[in-house]
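Two complexes are shown next, each including subunit A; its partner changes from subunit B in the first to subunit C in the second.
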Partner chain A sequence: MTATEMRPGAAPEPELAPPRRALDQNWRRLARMGAVAAFVEVFIALSGMPVRLDERPVIVSILSLGYVFIGAIPIVVGNRIGRQVRREGVPVHKAGGYELLAGTLAGAVAAAGLSVLVALLTHFDIREPLVNWSPQLLDLLSFNRGPVFGVLIWLGIGAVGGFIGGGLRLLPARWRRTLVTMAATVVLISILEQLVADLVSGVRLEPVADWFYGRRGGLTHSGAGVTAAIAGVAAFFGRGRLKAARAHVQSLEGPARTRATSLMILLTAAILIVVPLLVGSLTNELLANVGLFVLLALGLNIVVGLAGILDLGYVAFFAVGSYTAAVLTAATSPRINPEFPWFVALIFVVVVTGLVGLFIGAPVIRMRGDYLAIVTLGFGEIIRLLFLSDWLSGWFGGAQGITAIGGVEIFGLTTVDGTNPRGVFYLVLVFCAIAIYVSWRLERSRLGRAWMAVREDETVAEAMGINTVNVKLLAFVVGAVLGSFSGAIFANKVGSVFPSSFLILVSMVILVVVIFGGMGSIVGVIAGAALLIGVLGGPKQPGLLAEFSEFKLLIYGALLVWMMLARPEGLIPSARRTRELHQEEFLQDAWLRGEVDTDDGNGDAQGTEGRS
Partner chain B sequence: MNGSSVPLLEIRDLSIEFGGLKAVNGLNMEVNDGEIVSVIGPNGAGKTTLFNAISAMVPITSGDILFESSSLLGLDANQVTARGIARTFQNVRLFTNMTILENVMVAQHCRTRQGAFGALLYTRAFRREEDEIRARGEEALSFFGSRLVGFRLNQPASVLSYANRRRLEIARAMATQPKLLLLDEPVAGMNPVESAELTRLIGRLRDEWGFAIIFIEHDMSVVREVSDRVIVLNHGELLTEGLYADVSVDPRVVEAYLGQETIVEDAIKS
Partner chain C sequence: MIGKWAPRTGAPRTGVDKFLTLLRVLAVGLVLVGFAAFIAQEINTDNAFAQWANPDATGLSGAGFRGLVIAGISQGAMYGLIALGYSMVYGVLGFINFAHGEVFMMGAMTGWVTSTKLAEAGLWESNFIGSFVIVLFGSILVSTFLAVVMERVAYRPLRGAPRLIPLITSIGVSFFIQNMSIVLFGPATKSYPARPDWVKNKHTALQIEGDKIMVIAAAATSMILLWYLVERTKVGKAMRAVAEDAEIAALMGINVNRTIVTVFAVGGAFAGIAGIMWGIDFGSVIGHTGFLPGIKAFSSAVVGGIGHLGGAMVGGLFIGIAEAVGPLLILEPLGVSGVSQLRDAVAFAMLIGVLLLRPSGIFGERLRAEDRA
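Let's turn to the complex of A and B:
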């Protein structure tokens, strides 16, 4: 980044007053960003999201999630427009009045989009192509008080929102952080309602849950106040400590570090074991779904994140795992029905998926880059179509699939199936632990290094004695086997498998989870699955925001675009990946610490030059 | 050691064509155990193509390449490396996001055996092999003094200066435990002090590590200093070969490549 943000507060010196042209550019930028935001507002409104999300209160009778969505945009725009940019060392605007004025204007322009929309909604009816051009939208946008009020109120909301957004820039960082944390926490706690309420009730504190959350969803006023207060205090006083604690853990070395890490792992494991006992079956179902996707994402992470093979047909292995388990355990499978116990079937699942991985991998793996991605996409579909085909319907039941698959019998003790989501979750948890161990061990082995080398430069890896075909194939197979575990659990959890459960969409969702969470990072991938699948929901599984389900893919896409722009390394990236994507900054840091060596003192073509 | 009569590397009638272009044309050459051979020639003479052919990175059109009396034809690049030929690249190609230590560790891939199961079960054999890989990697790195070891070990290769990247690339090639080392312009871009140092190191590579070395170089002071024999290529063909003293005054070499100034320089120096 060549533009550096300037602290608000620090007034520029008089001789560095912004040149006239820069000011012109500022106004143009304002108009542009305002217009884009206005377009986004109208787009969101017409997508139907606000109307649908209006059913989901954040704070009872005050604020719904629908309004949060359209109301947040002026604030964001107002904040962005106030960003201080230095061009060639000269700030393009004076800190102070500009932020407030530009923020207000930009916010107003953004929300003016909705004002225009209100006017249009009252005078025209184009419901025919635009399904969401509805009276409900008009009511929502005009707060049930008529179009004139609607037009004016949005100009007002936009201006106020923009003013707040711009004003945030002028606040000291600590206060700004506190306010943002408070707002974000209230929304988050409201979104997590099901989980939190369930958990609180689980520890026999139903009255607290009732007091905290309204009867029909959303935080009560007192609940919101308490949440905001706690979040505010924590952000105001706690952040420094949190940072210090993290720095302390990172500075630990040797046995102390190991102890800290294992303590953290034990704590996480304890939470994951205790939480399902406290929550109800709906939440457990959710956790189990998240677990299934964590398992899939961990498998794909080995293929994409470690070995750098962009596999767009990963769902194939999920499907093969599911069908193999279904055929071998269900009494009703069409051709062969040995009715193996699930754990016996699992051995076959591993073998079969491994073989399928080899078969698909062998021709695909010699390709590189885009070609490989396209071909894997094709194979993903081929596998699904094979299960769907009449040709194999004698084995797999075609479109009817295989139904009445029994649960997983655990050593005669208990049977885990869809009616027992808690059991499913524990089962998934065990396999996630296995997948994490496998990823973690392999990454730090001869094989893991070879994968990384292949990802970095395949030609050189080959010249350094790595059999790239074998190594990539192995990544493919390991990934396939991990995915098949998820498939096998899925089949016995749901109790039936259909070809329509294995659409290409599943591949895409898993890939988005991996990219969003952070390629090559185990923790990142888990966090990505928890957020995307847990909150938004999987391809067919509802998340905490069930209201979102229609707009899931829209949000996925928007999140992905935003992530690629703002944080391409993902939510919780691996150190290596961060380095890769922010090499310049990394090198500058190393240079500042005096760790970039310039002992040769001559042209350092790729190192330090050309980076002023 | 092989018998002195059998050359380590023998190239017979090698031709490489790209479309209609003959990059290498009917080349014959030999390299013996423990020999340092430099390859010189003008741009486009086919020097790097020759390296690429030996390391199986380009397909050869006709002819044969024998290493320790058996042909390298039809082998993949990784198999050639496993047979004992390692190389560096003209435009340094490190695994820049891997650490310096990992760069030399990964190069031992073809000399080590532990697979996925060893890693998963964390067997004693696996741990022993990891320790060995690490020790051998550090040994190769410490050949270049303290530059690449110590706190540098766990830094990514991207922080290295240009000269140190070249050194790391040589260390990475050494880590593959080759018998023959191909160095493509090892001192390119280095200053005179560094290039003199690296020239000495090339001599030590042969003396202490027992590698035979072929290197491509444009810096005649390096060629003069360290090579046992000089091979001159021009338009993909062998122009001449022999001792530096003889080759450098050969009128054909002077015309095709060196130009008059080198002779004058040499005359002044000697």
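Let's turn to the complex of A and C:
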């Protein structure tokens, strides 16, 4: 059984052709892929990632995250090189010696890049422009055993890695999946160390945490073994059941479906309420940051995901929300300081941000999508520059910002501020729940359908009687208001607002979160925020991988490009968006199955749209 | 032209329309009142109108004004050079290559590497012209290469995808290149080696600094070369044909892929020239250098009429002069304090203003009918 066979609706698997001969390699493809991988290896090495991540062990005294990064590439390349294009009329060969040889060679070429780098590092010193051209890098790459060893060992590692990667193709799918899951889980559990250790200690099981994780981070050998074993067993036996369970839930209808959904929501809510009680303030801080970005991402999701308006200046609403809350609640605000309670200020925040959304939205809403993107970016920058300027510093404090903002007082019971991250998390959770509910209801409302119609084809939507201008403007305003909630919480959580917290960078990071998670998909957006902000960190907030902070923006950029190329519908896509993005392929599939008998020119129109 | 301003019969006037009209009137009014106040203050800072607008106004000296205009022109020439890349790519592929500003930044970064190496060898001081040519070619080479790789890796697989997809991709590319330069070269500000005196000194009756003369000369030369390339060579003919209609061009035997690569390469080369000019004029570069000039250059392309090459340069000069002079000319007379901080805000406001008043730019867009807004 292969992966394609399991996908519902895919064409049945054709008979496998006999394996290709090992020496009939496609040498040009091999050289090209190997060279690209070698280039990537050298780039990663010179970016300083391995040296920095070497401080982060995955398995105590055996493997650090730095080596995982450069060591995984030969395996990946060795596996990818054996991939066959599945196309109607082209035979698919069984895996065999061809894949093994191709994998080994490609892996060796990829790692040869590092061998060359080791040789160059020994003989030249160009640290002047390239800051990471350092003795540490040489030591790391040669395992502290001298350059000759370094050159040879990488050729060896590459060949072995490539062999493993190619060999994975020879295994039955079930075994392959089990092995990959085991490796991935070990890395994941080690990355999630802070969270897992905190959680385990929270339920008074410190000895378990100590046994599981080494003193300076990383899984202990026994910890890694147990993790791999559990993951392996779960992947080997559990996958089929998981699939069956999901199919069962999806096949439910009526009240049974509602019951299953509410059970799931209740369970999630219970976990989200209990977990913060068990973990320490550091982890709660992390959770609160993730929550703030979930809120922002849900807001942007309405604008970008549902209405299809690419708003690059979304940070403007975050900023306006923050500043409005700060001005209205802080005693130290320069001009206006009514010192409202936070919840009263929130009403003003909604009104002000809604108006700003209207003001920014009205001029841009008629523009073409790409002009709109740049112009909103311009507005985002203008708003920050205005907050920063001397001209308005009498109101907003200029570069000094507004400091000493009080916390959020909740009905006189307790005050939630930065010293109480657990409280902040619960507050954020409440607003996230509101945002999720609003998004969920809107998506299924008349307005939501209008948004999606506008996103898919504005002209047709207009012809259907939708007032596209008003509908898009509403999306803009709703998104703005959701973002302003996050801003208002942010101001009172951090206790100060500065213009430098509202760089365009923030917009970009939220955009990456939305696109990575899946435009238009609520679950996807939440998962995207949790993964990216939680693990890598936000623009200024550290994630679980604090060592990564220098590289997270690089990764975000690469991720954005890769998602657009490989999976534009995102990690957890919304069904409708997927159909829209892959319309051509759906049509082709249908045509192959004989469901569409004529080419209605739709694919053709898609093909020329972007050009002029 | 007249038709654009005539009321659209039958189209309902919504609240948004009224608001937009109000905004247009306000924008024009602000500029006019600010300019009138400026003139009033130049005549005599004590007259009633000038006093009403800004009691603390001091007026602007003629020399100061000239200096600003010259700085604006040289800055604008750089924007224009970058804008050519935006405009050409837009003309051919119909999408905004958001990462083009980073190509410019990498040009400036390469210039920093080569010029410091040359300065270490002592050539930068002893033979400035020779080293400048080497540095210039280094930058052009790297920028061109980067632009071509970008097209191959990120944009070619997306040809024909829905319009926003390549735009989002280019945002990712921009993010990536920006941070790539930071992780490879470090986050510190990179200073160019000291320039020889004649570059710093002022020349001619107009008192123009040497570096500004270099920038303007480079921009003029580039424009002439580009004009020759596009209008007089076979490659240029192919570019124009692909811009007109890629499919028909392909049917006529034009290699569309190669033409698109050429467009990226030429745009990258101009961005490289602009990068070097930036480095020599401002003396430093960091990873974020590309962002603002990139956006302003895009604004220039829009102001001039996107897809129109001469328009890109004119738009660049317009934006350059406007952001240099605008704050002092319009905002200062109205009593806004710290106007120089609002330079960038003025540049963005210009973009928004132009799109509000005349979305097709000064020379009009060169777009197919269905692409027009």
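Please note the rule applied: the second predicted complex is superposed on the first by the 548 of 612 C-alpha atoms of A that agree within 3 Å, B and C clash if a C-alpha of one lies under 4 Å from a C-alpha of the other, contacts with A are read in each partner's own complex, and residues count from 1 in each chain.
Definition applied: a contact is a pair of C-beta atoms (placed from the backbone, for glycine too) under 8 Å apart; a residue touches a chain by one contact, two chains touch by 3 or more.
Remember, predicted model here, so these are calculated numbers, not experimental data.
Student: Name the contact category of A:Arg446: first (subunit B only), second (subunit C only), both, or neither.
Tutor: Touch status of A:Arg446: first partner only.
Student: Regarding the shared-chain residue A:Leu312, is it in contact with subunit B (first), subunit C (second), both, or neither?
Tutor: So A:Leu312 only meets subunit C here.
Student: Taking the superposition as given, does A:Gly48 touch the first partner, subunit B, the second, subunit C, both, or neither?
Tutor: So A:Gly48 only meets subunit C here.
Student: So, A:Ala247: does it touch subunit B (first), subunit C (second), both, or neither?
Tutor: Neither subunit B nor subunit C is touched by A:Ala247.
Student: Per the contact definition in the header, classify A:Gly465: touching subunit B only (first), subunit C only (second), both, or neither.
Tutor: A:Gly465: touches subunit B, not subunit C.
Student: With the two structures laid over each other on chain A, which partner does A:Val478 touch: subunit B (first), subunit C (second), both, or neither?
Tutor: first
Student: Could you figure out whether subunit B or subunit C reaches more residues of subunit A?
Tutor: C
Student: If you stack the two complexes on chain A, which partner ends up touching A:Ile336: first (subunit B), second (subunit C), both, or neither?
Tutor: Once the two structures are laid over each other on A, A:Ile336 reaches no partner at all.
Student: Residue overlap on subunit A between the subunit B contact set and the subunit C contact set?
Tutor: Looking at subunit A, the two contact sets intersect at 467, 580, 606-607.
Student: Taking the complex as given, what residues does subunit C use to touch subunit A?
Tutor: Of all residues in subunit C, those touching subunit A are 14, 16, 19-20, 23, 91-96, 112-113, 116-117, 153-154, 157-169, 171-180, 182-186, 243, 246-247, 291, 295, 298-299, 302, 307, 336-339, 341-342, 344-345, 348-349, 351-352, 355-356, 359, 367-368, 371, 373.
Student: Within their complex, state which residues of subunit A touch subunit B.
Tutor: These residues of subunit A touch subunit B: 437-438, 441-442, 444-450, 452-453, 456-457, 459-468, 474, 478, 576, 579-580, 583, 586-587, 590, 595-607.
Student: Which bits of subunit B are touching subunit A when the two form their complex?
Tutor: So the residues of subunit B in touch with subunit A come to 55, 57, 76-79, 81-82, 86-87, 89, 92-93, 95-98, 102, 105-112, 114-116, 118-120, 122, 126, 129-130, 133, 147, 151, 155-156, 158-165, 172, 176, 189-191, 194.
Student: Quick check on the complex: what are the subunit A residues that touch subunit C?
Tutor: Its residues touching subunit C are 43, 46-49, 128-132, 308, 310, 312, 362-371, 373-375, 377-379, 381-382, 385-386, 388-391, 467, 469-470, 473, 504, 508, 511-512, 515, 550-551, 553-554, 556-561, 563-565, 568, 580-581, 606-612.
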